[in-house]
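Shared chain: chain A. Partners: chain B in the first complex, chain C in the second.
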Partner chain A sequence: MSALATLIPETTTAGGFLLVLALVLPLAGVFAALILGGCNARRVAMLTIPLGLALAVAIGVELVQTGQTVIYLLGGWAPPLGIALRADGLSAAMLLTTTVVLLGVALFARDDFETPENLREARAPFMFWTLLMAVWGALNAVFLAGDLFTLYVALELLTFAGVPLVSLEGHSETLRAALRYLLFALLGSVLYMLGAVLLYGAYGTLDIAILAERVRPGMLCFAAVALMTVGLLAKTALFPLHLWLPPAHAGAPAAASAVLSALVVKGSWFLVVRLWFDVMPGVVTFSAAQLLGGLGSAAIVVGSVVALRQERLKLLVAYSTMAQIGYLFLMFPLAFDVSGNGPVHGFALAGGLLQVISHATAKAGMFMAAGLIYAALGHDRIADLAGVARTMPITVLAFALAGLALMGVVPSGAYLAKKLLLDAADGSGQWWWTIVLQGGAVFTAGYVVLVLASVLRRRSEPLLLVSRVSRLSELVALALSAGSLLLALAALGPVPGEFVSSSFAPKEMGVLLVVFLGGSLLASGLSRRSLLGAAGANAGVMRRIAAGVGESFELADGVIRRWQFASISLLMLAILFGGALVWGAPPS
Partner chain B sequence: MSATTLFGLCGALLVGVGIYGLVVNPQPLRKILSFNLIGSGVFLLFGVVARRGAALGMGGDPVPQALVITGIVVAFSATALAVALLLRLHDASGTASLTTKESPEPSDT
Partner chain C sequence: MNMAPLVDGSLVVLILAVAIWTIAVRDSFAAVVGYAIYGLMLALAWVRLAAIDAALTEAAIGGGLTGVLLIRAAVRLRPTESVVAGDSPAWFVKALAAVLAGAVSLALAVVVLTLPEPAPTLAPQVAEHIASTGLGNAVTAVLLAFRATDTLLEAVVLVFALIAVWSLAPDRFWGGRPGQHYHLEANGMLAYLARLLPPLGIVVAIYVFWVGADLPGGKFQAGTLLAAMWLLAIMAGLTDVPEVRLVWVRIALVTGSAVFLIIGFAGVPFAGAFLAYPEGYAKPLILIIEAASMLSIAVTLALLVLGPPERRGQS
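Up next, the complex of A and B:
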């Protein structure tokens, strides 16, 4: 992280070639798939992704053994003339998460995207496997690139690979969702580029490490940070810029939704982290971070409540992604100190990183489970899911475990992340984020309980299945969800043990009980139907008021997701961020 | 007014016109063209930035020129992808609108 700045002048480190391999491997896969064509695309992906996993592990081992950032200078030219690839702890963790999730997605989609035997080539499978490797290559470039322009190109590649994944099925609704996604993402990326141009104009370099030494707070720098931040937020779909996310993530095939939701939105999030903590630690201010955290909190509340109002499972999961993206931005204010100038990190960064990893795995598992239910029943209307738990126990278990992991039940990654962030909130004297962190779990519990109540309901007549789902796919979904739920145990090494208590400690059980009760209350109040499926005719006044609240949230979301509203919010946010940077800057 | 300021103002104007078009015009094709306008404005600004190199007795700083070329390629690919999606949308639904007919705003079904 901050060690980056002290590494000038740099040289290629011993393990540097690994970074080049991590970039070349997925792209070589894309080209091989394009040349070999047809059914070979799947074979190429199945071959390269495990290799990539080994590579990601090797980069992690190299990083831990040397204890230094792994660097590769392209062509031996040092920045600012040349371009550097760098991998620090953050990059290595993201690389590893990406390959693990991609491996899961590849196994999950093995049967779904199989070229039919009587054909030499089918469009959907061929495109899916090629785009999967393209997304992977673009993400690796985002994690490893060392300068703002290469990052711009990598982000664009990520969008270009992600957008066609949305419209793989080619219905007009999904095409429309893909086009909205692309156009809004382009607006975001052009603002990012404008910021990068301004920085080059002022400092004569785009290299992250060199910029970090040269930047000084000033109007130009504030404008650049504000433009780049909102541009990236548009691509991450943070509230109120989420207009494209629900239809795009809900309309894509399950395997593609898992990639989009678990990985693609994290690419631009990662870049915000890089920008704020690596490039601009001396420029970003406490008040700008508060604004970012505030947007995150709004995303949690609005996303969760609108998720409760959905009638289709995949849309519910898509809105849950919108809420979870909000969580990822809570680490920004917590990395600051109320009194201090500039970020102080503490455990907040580690907490945020852990949250991303646990969300990536849990959300991939959740989307897979939702997709399996859709495939088996031929629909995903939440109201008609009774009896599913009996017929598809593994899938429902995967969904439940993913839900628990997102709620932050011990020993999930989200639990440890919450502990770290709560610690940071205490340490930096920002008690108000404690409320958001604790309350967020209740909202998450709401929509998880809603779905579970529906699938666990008894069904009088036998459930008719449209198709059989593959056992492998079910197990992959389960493995990813369970992995997220057990993540805290894996993270115990780097994190002090006092943060993790036993799952059955009275305090944890008490919290869990409160979260579940609160969630059930929310679900029964705000959802369209009463939780237990009883007739809603004798609804009380409270229930009617709650329904009204839910409805107004839904209406508000509809307005916010209008194109004009969202793009004007984007510009307003740029101005707000600029203002927060100017007024929050320490007097010089 | 120096040439640099003039070019800078032109760039700002292009970005402004492009953002206006992107926000208010409902037609996707116009939005794509507006995106290209914003892109041109940014590239023009980058070109102006390259003039900094002239102070050192060079014709200009070569780095922004290389980056602008890359940027143009990226913007071109983006335009091609957007137009291709738009054509597919027109084929599939008969209209080239970002909003559905039944509701003024897209429904999520």
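Up next, the complex of A and C:
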């Protein structure tokens, strides 16, 4: 055993201590908030999050300068006996994205969650700021941990920090959503744990790096990968395991939805990436990756169509998250070659990572904009949003930019991501994913156009606002959306320049036009109300057929999101993944 | 005269039977009781596997504390029981679920049988390095030295869970006392027990904590015992739950993790790494961490059982 362990000579690297600080800082923040009390919780968060941003930048710089994974051996004990913290490019990028989005959320929610003057502590503000730091600490643990059991504990931290954010407002509806989320997330944890236990039983270590050296394809590894993947998918809310996501993300306060949608679901997604590409690259198969990509495509189609059927803005954005989660799983098949010799990465990993970053920023901006509209109007019925663009131009601009960023318009991060993934699809000979990648943008355009058409409509009588929204919050939403839209420029350093063309190049304009036209068609066909108001009421047979299609998708989603169906899907997927791994395995 | 196979065989059958009964029974109170018994049976199984530490934890947490927590929940859910009972899935859904669950279990069973014999283990490495920690109990050495970070994070999980429970409080009761008020029945059986048992329980808890360094036991089991004693006194009406806004409550919650962190950081200059212990000081430092954690665990677990604030404190 010890001979094997020495195969990987590992020591703490120069900047390793930064990882400890990044792990501990948010937790120390939670403790400080508990002791100092509610009125100081916000101050603690406002102090620690910028510090955390500096730490994330420092880790990134360390990584780029040394060109090596940053490692810290906790307690000085080397794995497999001890546990190590590790930060590679993937973790560093996620750490940075998380702190940037959290900083945005903290600034956005500064006034919403203020402890009333006459109180020492009030529930909602105390909870919000404490949980914000708790989510942060949990995510940092997920990104840095190098051990399957530490990761399990990190996932539990993430669950317990994320669930109460859903029910922050305390209505019975949101409590029900939170409970669903809790139960399904715990079910996911159990499956993950089961897989980890099997691996420990077979290989005597939980350390990711050592495990990667030792695993061999076989029944045991297939079972472990299938269980862990499905458990993590339940936590990520990938179709058809998304029963908890729409009510949870739509019911939470805007700032909390932004955190849940932009960051929390990415924690478990990140672990699937780690598991497939870092621990089990020799075990996962082409066919299992196709299954994962297939679920992603189904998520895009169902999520987008049901988003188009929504009457409330926050639910529309929540369903759009469901569709965007589907996108994040397209990188898995594209990292494989059709010849089926295990993952070859190529540009697919970079594309997936870029997608996750652009989605995190754009979705946070979009939920913030939706929340501001709700706060100002006292409702978020899409049909009654006429005149909003005139009264809240910054918020509407934030929503529009987030929409464009999600659609993958040049020079957004999603554009570059799509480009990289298309390239991977070409390179690996998997043309069918090209259709999904291009079609997804059309769907996204659909629900963005639907909302914009409503907010841009003129209104005869003046719009009554129930409250004034803070300018700072509007600007934060705008900044996050704009950041996502300009991400490709920032990412140009590590990516070859020929990937990004000018937004005004004829080819890009053409694609944009097609995407918009297709989106408008989808929106006018599938939405509940005609896009053009009364004029479209007698549009005839086509519209009725489209409405029927939309309705059947909605019905199907309702069935899929029932407990019984979701639980059976969970078991079925475990079996399917097991089958795809066994069936696709190269003959030994 | 070898009784072992017979004992083990009946234990396995009993565990499976209780598990099936827990799932099959319709009444949630009965299911909860089944689950608590299931936890105790599992503890026995751990004893048979010579994993006394796991057995103690399973009995204290799985059988005891989770049992109390679930029983309280089941009692609260009584009024809604009949509504939920009417919402039973169709037979083919049940059949499908059973087939799928059976298939997954079967696959797992096959996989478990393929696990290598003897199982690869880190035990030799633990034995090799345990001397440097000054501890005698390998489990404690793993939990507090080799994998100390996991233990630290698990303590944080408990705190997060309590925050999550507290978040369910109605706004008007925020900062108040959790749970209902228990009236003291001065001559009742419960009050009698609540006066008799805690002194014993506290002594046993301290013993379990102390021997944990060298023998099975430790802070988690001891903390659970302390929590149980405190809960007993509260439920008998001898004392009331503190208001959650009180600073000492908050300090009690985080002391364990804070001490852990401070000693962890002290390890950087004095022992060369975060959560490393200087040569020769490992055991006393670990005992300090365990003592602080035991108190925090006791307070956290008891408050977890008592639930979110439901009464206004006098302010």
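Convention: the second predicted complex is superposed on the first by the 576 of 588 C-alpha atoms of A that agree within 3 Å, B and C clash if a C-alpha of one lies under 4 Å from a C-alpha of the other, contacts with A are read in each partner's own complex, and residues count from 1 in each chain.
Definition applied: a contact is a pair of C-beta atoms (placed from the backbone, for glycine too) under 8 Å apart; a residue touches a chain by one contact, two chains touch by 3 or more.
Keep in mind that what you see is a predicted model, and the values were worked out from it rather than measured.
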Quiz item: Looking at the overlay, does A:F149 come into contact with chain B only (first), chain C only (second), both, or neither?
Solution: both
Practice problem: Please indicate which partner A:G558 is in contact with in the superposed arrangement: first for chain B, second for chain C, both, or neither. | Solution: first
Quiz item: Just chain B (first), just chain C (second), both, or neither: which does A:M219 touch?
Solution: second
Practice problem: Quick one: classify A:G76 as touching chain B (first), chain C (second), both or neither. | Solution: second
Quiz item: After lining up the shared chain so the two structures overlap, which partner does A:M193 touch, if you call chain B first and chain C second: first, second, both or neither?
Solution: first
Quiz prompt | Touching partner for A:A250 - first (chain B), second (chain C), both, neither | solution = first
Quiz item: If you stack the two complexes on chain A, which partner ends up touching A:L315: first (chain B), second (chain C), both, or neither?
Solution: first
Exercise. Please indicate which partner A:L179 is in contact with in the superposed arrangement: first for chain B, second for chain C, both, or neither.
Key: first
Quiz prompt | Touching partner for A:P26 - first (chain B), second (chain C), both, neither | solution = neither
Quiz item: Per the overlay, which chain contacts more chain A residues, chain B or chain C?
Solution: C
Practice problem: Mind sorting out which residues of chain A both chain B and chain C touch, each in its own complex? | Solution: 149, 153, 156, 160, 163-164, 167, 170, 175, 194, 198, 201, 204, 564, 567-568, 571
Quiz item: Which of the residues in chain A come into contact with chain C in the complex?
Solution: 1-2, 5, 12, 17, 20, 24, 27-28, 30-31, 34-35, 37, 72-77, 80-83, 120-124, 126-127, 130-131, 134, 137-138, 141, 147, 149-150, 153-154, 156-157, 160-161, 163-164, 167-168, 170, 175, 194, 198, 201-205, 218-220, 223, 564, 567-568, 571-572, 574-575, 578
Quiz prompt | chain B to chain A touching residues, read off their complex | solution = 15, 19, 22-24, 26, 28, 31-32, 35, 38-39, 42, 45-46, 48-49, 52, 61, 63-64, 67, 70-71, 74, 77-78, 81-82, 85-86, 88-89, 92-93, 98, 100, 105-106, 108-109
Quiz item: In their shared complex, at which residues does chain A touch chain B?
Solution: 149, 152-153, 156, 159-160, 163-164, 167, 170-173, 175-180, 182-183, 186-187, 190, 193-194, 197-198, 200-201, 204, 246-247, 250, 312, 315, 558, 561-564, 567-568, 571
Quiz prompt | chain A partner contacts - residues on chain C that touch it in the complex | solution = 89, 93, 96-97, 100-101, 103-104, 107-108, 110-112, 114-116, 119-122, 124-126, 129, 145-150, 153-154, 156-157, 159-161, 163-164, 166-171, 174-175, 245, 247, 250-251, 253-254, 257-258, 261, 267-268, 271-277
